[in-house]
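So the structure is just underneath, and the comments pick up after that.
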Amino acid sequence: MLTTNTYKEVRMQSLRLTEGLSDEDMLLQSMPDASPTKWHLAHTSWFFETFLLQPHLSAYQVFDDSYQYLFNSYYDSVGERHPRPERGLLSRPSLRQVLAYREHVDKAMQQLLKQKPDKKILDALTIGLHHEMQHQELMLTDIKHALASNPYGLPELTPEANNNTPTDSTFTHFKGGLIYIGTDSDHEFAYDCEQPRHQVFLHEFNLRNSLVSNQEWLAFIDDGGYQKPELWLSEGWALCQQEGWQAPLYWRQKDGNWQTMTLQGYRPVHPAEPVCHISYYEADAFARWLDYRLPTEFEWEHAARTQPLTGHFADSGIWHPRQPEQQPGLKQMHGDVWEWTQSAFAPYPGFQPPKGALGEYNGKFMINQMVLRGGSCATAHQQMRFSYRNFFHPHQRWQFSGLRLAR
Amino acid sequence: MLTTNTYKEVRMQSLRLTEGLSDEDMLLQSMPDASPTKWHLAHTSWFFETFLLQPHLSAYQVFDDSYQYLFNSYYDSVGERHPRPERGLLSRPSLRQVLAYREHVDKAMQQLLKQKPDKKILDALTIGLHHEMQHQELMLTDIKHALASNPYGLPELTPEANNNTPTDSTFTHFKGGLIYIGTDSDHEFAYDCEQPRHQVFLHEFNLRNSLVSNQEWLAFIDDGGYQKPELWLSEGWALCQQEGWQAPLYWRQKDGNWQTMTLQGYRPVHPAEPVCHISYYEADAFARWLDYRLPTEFEWEHAARTQPLTGHFADSGIWHPRQPEQQPGLKQMHGDVWEWTQSAFAPYPGFQPPKGALGEYNGKFMINQMVLRGGSCATAHQQMRFSYRNFFHPHQRWQFSGLRLAR
Amino acid sequence: MLTTNTYKEVRMQSLRLTEGLSDEDMLLQSMPDASPTKWHLAHTSWFFETFLLQPHLSAYQVFDDSYQYLFNSYYDSVGERHPRPERGLLSRPSLRQVLAYREHVDKAMQQLLKQKPDKKILDALTIGLHHEMQHQELMLTDIKHALASNPYGLPELTPEANNNTPTDSTFTHFKGGLIYIGTDSDHEFAYDCEQPRHQVFLHEFNLRNSLVSNQEWLAFIDDGGYQKPELWLSEGWALCQQEGWQAPLYWRQKDGNWQTMTLQGYRPVHPAEPVCHISYYEADAFARWLDYRLPTEFEWEHAARTQPLTGHFADSGIWHPRQPEQQPGLKQMHGDVWEWTQSAFAPYPGFQPPKGALGEYNGKFMINQMVLRGGSCATAHQQMRFSYRNFFHPHQRWQFSGLRLAR
Amino acid sequence: MLTTNTYKEVRMQSLRLTEGLSDEDMLLQSMPDASPTKWHLAHTSWFFETFLLQPHLSAYQVFDDSYQYLFNSYYDSVGERHPRPERGLLSRPSLRQVLAYREHVDKAMQQLLKQKPDKKILDALTIGLHHEMQHQELMLTDIKHALASNPYGLPELTPEANNNTPTDSTFTHFKGGLIYIGTDSDHEFAYDCEQPRHQVFLHEFNLRNSLVSNQEWLAFIDDGGYQKPELWLSEGWALCQQEGWQAPLYWRQKDGNWQTMTLQGYRPVHPAEPVCHISYYEADAFARWLDYRLPTEFEWEHAARTQPLTGHFADSGIWHPRQPEQQPGLKQMHGDVWEWTQSAFAPYPGFQPPKGALGEYNGKFMINQMVLRGGSCATAHQQMRFSYRNFFHPHQRWQFSGLRLAR
């Protein structure tokens, strides 16, 4: 469980992620789904101010009344909020003011944590830190999207030595049966949506040992995968045509070769790396192309529990998926890329969101979204659990999302 | 199983549904989701022509080459098609020509069925008839939507004697366990999406004996149900505000009283009748309001199998839900209104769509849609099975959709 | 001036235009700018009922109260109205009812006109008849647009003998000066927007003797006219790209040859005919391509008054522009196609709309529209005057609109 | 005429306007019509680089090749350009780089101007400086719009002493006749659209001595001006309802009183000041409310030439219109607010845009825009001429636009 001594570390990590970004970069909002870096820095502080300092630190002075309105994300029960698509127009407060806000909140938090916090406070603290780690990932994905919209100033990187090992296409067999899914919050922190732990019946299944790689994706492209309606879900095909999808997000062709954009700049697509920045629709079409399918989130969780929870996470500072190690069995179950599952984000049997504003955390998004599992190269290691459920709409591509096959 | 002697009966029923409609009425298309009556009449004939007559009746003369393009609904593998939102512009071919098309197809079908049809043909025939019954329901829901868009010519009906029995709010308990779901196609016809029959583990649950009634919905309205964001899924709340929802579709206030539109005209909302024409978002918000939830499709199917498959279907000619009988236990599990479940429309383990165009029937819609169960007062009785899965988007309201609570 | 004995004739002409159209055709509305034939038939009757019968015929019985709402076009002062884009959903009242409405109005009108109508009534009658003739033209342009949206049932016509005389590219010179523009309503009927007659100073100018022909337009296409931004107004270029314009509306390529749709069907583009169905943007770009310009409406009117007011009008029953006669001097100033001018539709000095609802006839449209002059092959001859001003938005193409060059 | 010694002064003024703005403020783009301050700073430099330095300074080194693409506004003949609505995403190049770009261009320009520039160069220089002054006005109007979108950080100002003199509602009479309009470029610089000087025939008219004031506008509001369709042009009324207009842009009600936003903050609406930030539709409706009309641009120019060209311009540093002096006759013809005229922006007889890219300056916008005359409190004094024609779409409100009545 995250405790008081991790507060400082998590908060500092958010600032570390902004290295190399200017005040202007941190104001960018390139689509309503994404938010400016500065907004993330402010909103995560607002979270501590709203759910910890205001209710629990008696002499706490609110930094600025307006921030309540400006930096609320979606908590209807907390009050009105600034419209999401206009977060990029918040030149004021300035970045400097937002950083002062962070310091103000951090000082007050240290005061609060000195006062022998009770379980209620510790629980809110834990959520606040997990919440901040979630936003750290969004800071990376959102600034990547924003920088991609402006061709200027992204260098072309020297290609790395191309270690093009063929993708391991073997599968691991699982015999299924009645298994347990979800977490038991007595032992570790978990969001409401991972609870309660409950039984699920699984049929026998096979899970691919490796993630789908760029070399496989290139074959899909070459075989006309983006031109064959029979491979696609109906809504996916309509979107594919409307948006003119020809490759994953951030890929571009230059002199006949595919390049991909990373947070460091453009470089050639590396065949052995896992494919990344694909929508559910693309993942699903790819699986159908090979007569496989995506796993359910239950199959995935069941399989993941056979492995240690290790992997390539954001802590490495390399925010791009890496090619797998040469090893038998399941590889890269955690880290590198989020794995789309065929499970819609739905409540577990007996699901109960907490009362109050924090009850708005997950439950109200349980429609039209698909579960992704395993974390990515932009996720904090500390944030991961076997039961962790991420969720996005099937058309969204700007997360570090890839896939693993099942059958 | 549907056999050759039901062909005539099913086809005639489609025409019976058009009684009282003019040529002009049958051309109306009031939104892209809906189609003109005339288009349904033609498309269902196109289905038999395309999947039965052309491949299996040697001397068959296609009625009109252009119909292949005009009356294909969504079968990509069959070729190009007329854009869906423009079906209401098809004044040509005329209704008379479409009726001649139906006769032409019917004659040829009788010829085909005389020739000792093999299993392949019989299977396609069965699908064709079920397909036609599905479109019969759409004929009713679509013309209802179209007529509602034009205030002219819908009479106000004399209110019936108001037998306002309080809604039965008792529940039936089910103890759950490992159960079977889906159909075994050896015994009866079923769509691919109902297959394969497979085991699911159910937790203990309770299911309300009655459908949610209009009197309960009026209480929800009176309690501000349409104004409280905390009851709603996030996307549902956004839509509710954007569309200004205040009541189910087809309700209107007149002199302080709620009226609802039926296919016969406007009449007062009857408190004891099941609520109808609500979106998933509304159903879900209503359940949350009472601290209940919607059932899963598996809970529903498990419970439904304890009852005879009877109910108030389209065959009655009364295309409006009726108040329940006074009886203990589960009521109106079939007929009257489709019941929203909390299950996303997803493939069953081992799901395999058939090869060819008919494989486009269900699988390609398995995203962003929720399962509804039980059939409605606009569904043909013959079409229903315990395993039948209907599916619509959570925002759609023009089907005869209601809800039953679970916990 | 139109008098009582023309009433019958004008009203019959509206019905004559519907020959060959089915009930279903007459319900089509293919875009919000256009209206169903049936709606035109009803609206023109509503005009007489509202502005003549109700105020002036004492015992007049309104045919149906709802029609007031359903068939008002845009007269705010008359009350609420049915939303324009939903006119195509008015299957009820039926065509038969609308025809009965016409008869009802016609009978009452005959009664009114027998009663020695005073000037006020005669003035309103004259407007009503001109209004009906305007709608006759719209009936033709609107049904053409609707039928074009449905590929079914439009035959390919045998090409006529191709008399491909080169276009007469000579100009007539006018020396300008202080001239009179507009009409004097003492001598003939004219809309408010043609008044008052007033002086305008014209600079010396030259006007092309012939309309721009299809053979010239084909040269424009061949020279990349639709691909060169430098020829276009900025908004026109944006629209051209967005809509993918490559040729006038209703042109299509078949086996490498251009065809155009007429109300009778598709036939080859005839090089010697005037080009038709072009937007202001296209007309303006074409003129710039040849280093000419469009005339102002004052230049046009000044020149037109040197010619007899004759030409090819709707009365011919041939609703397609014809190639010009071999004659020197200005040709086809009236009839065949409306000629775009470079004049925005604006009030004349001293313009005064009449009080009351008929004041909404022209004045409230004096923004963002350009004046067209001369009438077309779809205009009634009787409707034309030298001072007649038609007006449409620069992007609109479904009228019979062409151009004549000036410099 | 602007000469070499004004170059430095004009360029410095652009920077002076950015005082008090942060790097983040200067990146804001709150609508596609507006551009970020930084973009204006870069684009005006790009103009000198493209039209003066590259063609005329032999050893000139382009500052950065990418700027050609990033900072082209709309010159199609110069090449591709960054999409207008995404100018707010250009965090890179940074503001610092853009300022370095300005210095780089300024140094090179000084070099060029030392070399005895010929007429061609001087002409381009003059255009470049006028172009920069135009963008100075846009810098003010665009940042005002951007700051208005963010409630944070705009102070409420202490109301000034309220000198509420009644508006002077007298008119000056002009007898009309054949007059000259436009400029003769031999005597002073003028844009192509002000040429050639030519004769226009004016009818007798009266022009109000004063601008319409806020006190008159408040009376319009109180009389339901925003609720009466009969006052409005048809498209204006539709927009008024759609956008929910109740008052000029930047007005808000606080505790029952109207406030307006200035570039310094919010303050009470001052009754004696000219009304500002209104659309053409509002100006036109207001005039109709009082049974007046807007003047034509020719009437305006004719009247303006009777007055000295003085007024309250941007040079004052007070970017808000001021109440008029107490004096008889025409007041505030120049400065304070742009005055909507009823003239569409159209070519003068014999209009010829220059060849090449600068020919794209005005001519390609001559559609759907209305002429405004007289300059505003955000216009440079030096930029004004009697013949100056500004133009905007009738729906636009973010310029300093007001009105003067005529009859």
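Note that the chains are named A, B, C and D in the order they appear, and that numbering of residues resets to 1 at the start of each chain.
One rule holds in what follows: a residue touches a chain if its C-beta (ideal position, glycine included) is under 8 Å from a C-beta of that chain, and two chains touch if they have at least 3 such contacts.
Note that this is a predicted model, so its numbers are computed, not measured.
Colleague: Going by the touch criterion stated earlier, list every chain that contacts subunit A and also contacts subunit D.
Modeller: none
Colleague: Tell me, which chains sit next to both subunit B and subunit D?
Modeller: A, C
Colleague: Hey, how far is the Cα centre of subunit B from the one of subunit C, in Å?
Modeller: Roughly 46 Å, centre to centre.
Colleague: Using mean C-alpha positions as chain centres, tell me how far subunit A is from subunit C in Å, no decimals.
Modeller: 58
Colleague: Round to the nearest whole Å and give the separation of the Cα centres of subunit A and subunit B.
Modeller: 37
Colleague: Which chains touch, pair by pair?
Modeller: Contacting pairs: A-B, A-D, B-C, C-D.
Colleague: Please give the residue numbers of subunit A that touch subunit B in the complex, ascending.
Modeller: Touch list, subunit A to subunit B: 74, 76-77, 178, 198-201, 203, 205, 229-230, 232-237, 280-281, 284, 293, 342-344, 346-347, 349-350, 360, 364-368, 394.
Colleague: Show me the residue ranges of subunit C that touch subunit B in the complex, using the header's touch definition.
Modeller: 22-25, 27-28, 30, 66, 69-70, 86, 88-95, 146-147, 149-153
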